[in-house]
Structures are given as structure tokens and as C-alpha cells.
Amino acid sequence: MKYQSQAVAKPYFIAAIGLFIGQILFGLIMGLQYLWGDFLFPAIPFNVARMVHTNLLIVWLLFGFMGAAYYMIPEEAERELYSPKLAKLMFWVFLVAGALTVVSYLAVPYATLAKWSGNGLVATMGREFLEQPLYTKVGIVVVALVFLFNISMTLLAGRKTSISLVMILGLWGLAVFFLFSFYNPNNLVKDKYYWWWVVHLWVEGVWELILGAMLAFVLVKITGVDREVIEKWLYVIIAMTLITGIIGTGHHYFWIGTPAYWQWWGSIFSALEPIPFFMMTVFAFNMVNRRRREHPNKAATLWALGTGVMSFLGAGVWGFLHTLAPVNYYTHGSQITAAHGHMAFYGAYVMVVITMISYAMPLLRGREANSNRAQVLEMWSFWLMTIAMVFITLFLTAAGILQVWLQRISATPMSFMDTQDQLRLFYWLREFSGVIFAVGLVLYVISFFIKERKTANA
Amino acid sequence: MKTGFYIQWGLLTALTLIALMAPRWLEVEHYLLAGLAITTLTKGQIIIDQFMGLKRAPNWLRWTVTGWLWLVLGTLGLCFY
Amino acid sequence: MTTLTLQATPQKSIPGDLAMWFFILAELLVFGVLFICYGITRFADPALFNAGQTHLHAGQAAWNTLFLITGSGTAVLAAHAIARLQYRQGSIFLVATFASGVLFVVNKLMEFASYLGQGYTLSTDNFWMFYLFLTFFHFLHVILGMVIIAAVWIKLQQGHYRNGQTAGVETATSYWHMVDLVWIVLFPLVYLIR
């Protein structure tokens, strides 16, 4: 750690991991509800558990991104953070707002919550990923603006590097596109149309800039490869992301009542979206192979390489699988979508946040890398979580293929619920893999508390 | 460099005008296809080799861009044949 | 793609920045895929495409080809002049390239206005969907090319590129040539071939 104020990243990272645990817990609950529909009913209905699972995911990733920015920007700008106080204050505001939101999801029926929170005045609720009540949405905007102000001021006064510029561009984009969550036209087609401006243009647009910048930052640090080289890669990846990803939004406009030409532009442009993900993989391996130093933090290197591979698999390969309109005609909204959603979110954003935590956390705790024992445990957790996620994806893909076959292709199509009964085996296997994932996560948390043996060298 | 350059530039202009007139001159569709393929290929090659200067660039780059031109025109030629 | 590294500095030199060339290759890929999709769709329904094509203003588009070619020519001259430390000349040629872009844009906007005025939209049929989208997508690239040329011109005024440091200029002109190259294929494809 080069600057005192980088320390504000620490609570952000801790909160991220805490909420991650919550997310996985609700994933496991839902996995069981898939098998026994009334499990925990009426205390936690499926729709509520789903909301908690996905919203916790988004919120902890946002904590991770903010923590990463607070860590990266001072170091890149070569000066202290504009206002560490503000950063600490916003941490508590965001944490409390997030916790209150989850509690209100669990404690109050959603419709009641909507009524209380003024959804009748400005209707924004009830849409996947954007279920938050109005006050939470406004809170997110306020926190995001204060955060952006803080890091932008830091950057303006300091050294401007490509990495920090890309990072800040991505973060501003994140905030700007979130504003579309307030736009909720009555026309259902238009509602969905703009909903994707948040969801798709986040994960396949501006978040990719954040992903690229975070990965580049860690790679600069652990490989010692020339910044110039890494920055050129970053630019090319970003350019390619934007060319393909923006019009690629069209792969969500095939069947929702939008004009038919989207079947062409959505298919063509999104079919090219795997390219930047592939470049990211090559980039990560290339940099590590040309490393100029042996960084003692092996775990962080592993996470960085894992991000490269898994984001390409989850987003690139599993995205491509169902992105051409003639294929998506059959697979739309099936378990194949869920398979892709899981591996893409895990491989790209979960893993890059953990990469950053893995690199930065030891430094925030006053050492260059964790003890060997702690790192070995962390690497175990890497393999457990990653392999478990691969299996979750494979089982859901299998379930999805069977589902599409029985329900949509077969000469005597089955009803939705009858089809679900045929998929139970895969849902069991998914739940089992989920437990392994949870074990991996527990090991990950434990790795933070492993003390060095007295004789071990730092 | 100078004379060569003006010849290339003149050629690009002339080929553009020839291509514009081609549909009137060449009634038979296959002749038109051949005519447009040749003018377009020549123009593209001038841009690539001379204007972009890839003649003096490493081979992988030169042949990637040239290959793009040939591949695209070739495939289109098949589509219109 | 093989394991090309962005650092490669082989015996022969790359015009401008290698990163720009990766960008250019990616753009070429996107356009290439689009063109081939056009070709395949047209193959499936030649009558529709031939009918649609008769409504296009090929003469106006030929002017646009000349504008882009001219701009490419002055871009070459600009890079050449700056390499020989003739900054005033270089500056004038860059302005000429930018101006040819302006002519293209104005001409193209008039063309678009005419079609839209006649009621053609992306939803009219497959021909208009492709025509409007492809040319508009290319149109955006011309504008980006102009922005890049303008940026180089400003840097030139600020005294960058001293001592014949032309890499920055070549990076910009390479992009412009790519926009030109794509149009050279697009022009006969949508306006002329039947």
C-alpha cells in the first residue's frame, strides 16, 4: 500500500465478501425450492429468495468495484484520495441501505413494500435485478455520485494513466446507465427495451471496461510487464467491447415486440462479442508468461488467469451458444439462460473482484502476500468454487437442452411444469454442486484468518 | 514517390467513374460482376499497398488485410454469381 | 489469430501504432461479416434487392467515393509532408482530409433525407434494412475518422510530431484509409451490382 487513503478499500472488500456469503445461501435455498416447491414457504417464497440472491450479487459486486477503485485510483494517480472521510461515510450509507433493502424484502410482502415506498408515484419496481424500492434506487444514485466525485477529483489532480481513465469511464457509464432504471414506460415493449439498457449495457458494455481496467491493474503489479504493452491491449479490448456490445444489445430484442431487424443486428454484433473476452484471456496469459518478476502472491495470479479463462467460457462460449436468433428462438428464457448467467457472472465479475481482493487485501493488512499456508487454502477455494461453478453450468445446460427438447421441439410438447418434473435429476446435481461451491466459499473466508507459522518467512 | 502517388490517385478516381458507368455499359450480369470485381479489387489493393503503406509493413499484417479483401470479395462474388 | 504480441517490432515497420491496427482489423472483421450477410440475404431474394437498388442515387454515392478517395490521398500527402518536417503543408493536407469528410457527411445526410422522406425505413424490407443500416454504420465511422484526423491536426498545431515523428499521424491516417477501404467495397455492393 503506497498511500494511506487506500485503506478505505478494506471495509468495502469485507462487506463484499459478507454479502457474497448471503447471496450463496439464498442460491442454495432456491436450489432446494426447485426440488420442494414449498420449502420455507410462506416465510421465504421463491420470488423473494430470487430477488435477494440476484440483488445481493449486484450489490456486493458494486462494493467490490468501489473498493477496487478506492484502492487503484490513488495508486495510479500518485496522490491521496480526495476525501477518505466521504468514502467511509458512503460505505456506511450504502451498507445500511443495502441491509435495509434486504430486510424489507424478507419482512414485508413485496406488494406492500411497493405501496409504502411510493411506487405508486414513480413506478420503478418489479423488474428483474431492479426490484429495489425507490428510496434504495435513489440511495444508489447518491452513493454513486459521491463516489464518482471523490475518485474523479483524485484523478483530476493526479497522474492520469490509461488504466485509471478506462476504470473511471466504466464507473461513470455504470452510473449513467443505471438512470434508465427510473424510466419505466407503461408500454411493456418499451419497458423491456430500456430495461436491457441497464442490464445488458452494464455487463456487456461498461462493466467490461471496469473488468479490463481491474485486470490490467493487477497484471501490471504482479507481472512487472511494461505498462505501455498492457495499456495497448486494454485499448484494443475496450474498443472491441464497445463496437460489438452496444449494438449487440439487439440479442435481447428478438422476440419482445421490437422491430424484426434486430434479429439481424443483434445476432451479428453479439456473435462478435466473444472476441474481446477471448482477447482478455490471451492478454492475461501473455502478460503472466512475459513476467519480469516472481510476485509472491501466487493466489492473486491464479485468480487473474482464472478470470481470463472463465469469463471467456461463461460470457464468450456460453453466450455465443444461444445468441443467434434462430437458436435463441428455442432457448429463450430456458435453463440454458440460467447456465450462461451463472458462469458469466461468476467468471467475469465475481472472479475479477476476488482477484483484486486477493491482490490488495494482504497489502492492506501490511504484507506483500499472505503466508504460504493461507495461499494454499485460498487456491483450494479457487478450485472448489470454480469447478463447482463449471458443474452448475453443465448441469443447467443439460437441463436446458432437455427442457427445450421436451417443451418446445418435440412433436408432442409437454407443459412447462410437466417438463420441470423431468429435470429433477439435474436440479439435484445442481444443488449438490452448489454445496461444493459453498464449501469453497467457506474455505476462502477461512484463508483470511490463517496465521503464519512462527518459523515461516513472510 | 510523387508521380507514382498521383498515378494511383488518378487510377482510383478513374476506376470509380468506370464502375459507376459499368451497369450501363455491361448489360450481361456476369460481365458486370466481373467488371466490378476487378475495379473494386484494384482499388482496394491500391489503398492497402500504397495508401496504407502495407507493402512496407510486416507480412502478417499485409496479408491479413489483403486476405480480408480477397475473402470478402470472393464470397460476395459467389453470392452474386 | 496466433499469439501475436503487441510489442512486436519486426524488421519491416508497421505504419502507426500496432494497437490501432488491431482495432482496424477488428473493424474490418465486423464489416466483412456484415457484407457477407448482405450477400447471402441477397442471394436468397435477388428480385427484392434489385428492385430496391433502382431507388438509390448511385451518382450521388459516386461523388462520395471520390470524396473519401481524395481525403485518403491528402492524408497520405499529410503524413509525407510531416515526415519531411513541412508542417504547414502537412497541416493544410490534414484540413483537406477533414474537409473531404465534411463533404461526404453533408452529401450522405442529403441522401438519407431523401430516402427517409420517401418513407423508407429499416422496417420496409430486407433490402432497406441492410442498405440503411450498413451505410449508416459506415457513416458513423467516417465521423470517427474525422474526429481522429482533427485530433492529430490539433496536436500538430501544438508542436507534437517534431523531428519527423510521424507515428501518431500514420495511426490516424491508417484509420481513415480503413474507412475508405470499407466504402470501396460497400459502394459497388449496394449501389451497382445487380
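Each chain gets a letter, A, B and C, in the order it is written, and its residues are counted from 1.
The definition used in the following text is that a residue touches a chain if its C-beta (ideal position, glycine included) is under 8 Å from a C-beta of that chain, and two chains touch if they have at least 3 such contacts.
Given the structure is predicted, the values throughout are model-derived calculations rather than measurements.
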Next item on the list: Specify the contact topology among the chains shown, as one of line, ring, star, complete or other.
Entry: line
Item checked: Chain pair whose interface holds the most contacting C-beta pairs -> B-C
Check: Taking mean CA positions as centres, which chain lies farthest from chain A?
Finding: B
Notebook entry, point to check: What is the distance in Å between the mean C-alpha positions of chain A and chain C?
Noted result: 36
Notebook entry, point to check: Rounded to the nearest whole Å, what is the centre-to-centre distance of chain B and chain C, using the mean of the C-alpha atoms as each centre?
Noted result: 15
Checklist line | Averaged-CA centre spacing for the pair chain B and chain A, given as whole angstrom | finding: 46
Notebook entry, point to check: What residues in chain C touch two or more of the other chains?
Noted result: 29
Next item on the list: Would you give the residues of chain A that are in contact with at least 2 other chains, written as numbers and ranges?
Entry: none
Next item on the list: Mind listing the chain C positions that touch chain B in their complex?
Entry: 4, 8, 10-15, 21, 24-25, 28-29, 32, 35-36, 39-40, 42-43, 58-59, 62, 65-66, 69, 72-73, 75-77, 80, 170, 174, 177-178, 180-181, 184-185, 187-189, 192-194
Checklist line | Residues of chain A that touch chain C when the two form their complex | finding: 226, 229, 232-233, 235-236, 239-240, 243-244, 259-261, 264-265, 268-269, 271-272, 275, 282, 286, 290
Item checked: chain C-touching residues of chain B, taken from the complex the two chains share -> 1, 5, 9, 12-13, 16-17, 19-20, 22-23, 29, 32-33, 36, 39-40, 43-44, 47-48, 50-54, 56-61, 64-65, 68-69, 71-73, 75-76, 78-80
Item checked: In the complex, chain C residues that touch chain A -> 3, 5-7, 17-19, 22-23, 26-27, 29-30, 33-34, 37, 122-123, 129-130, 133
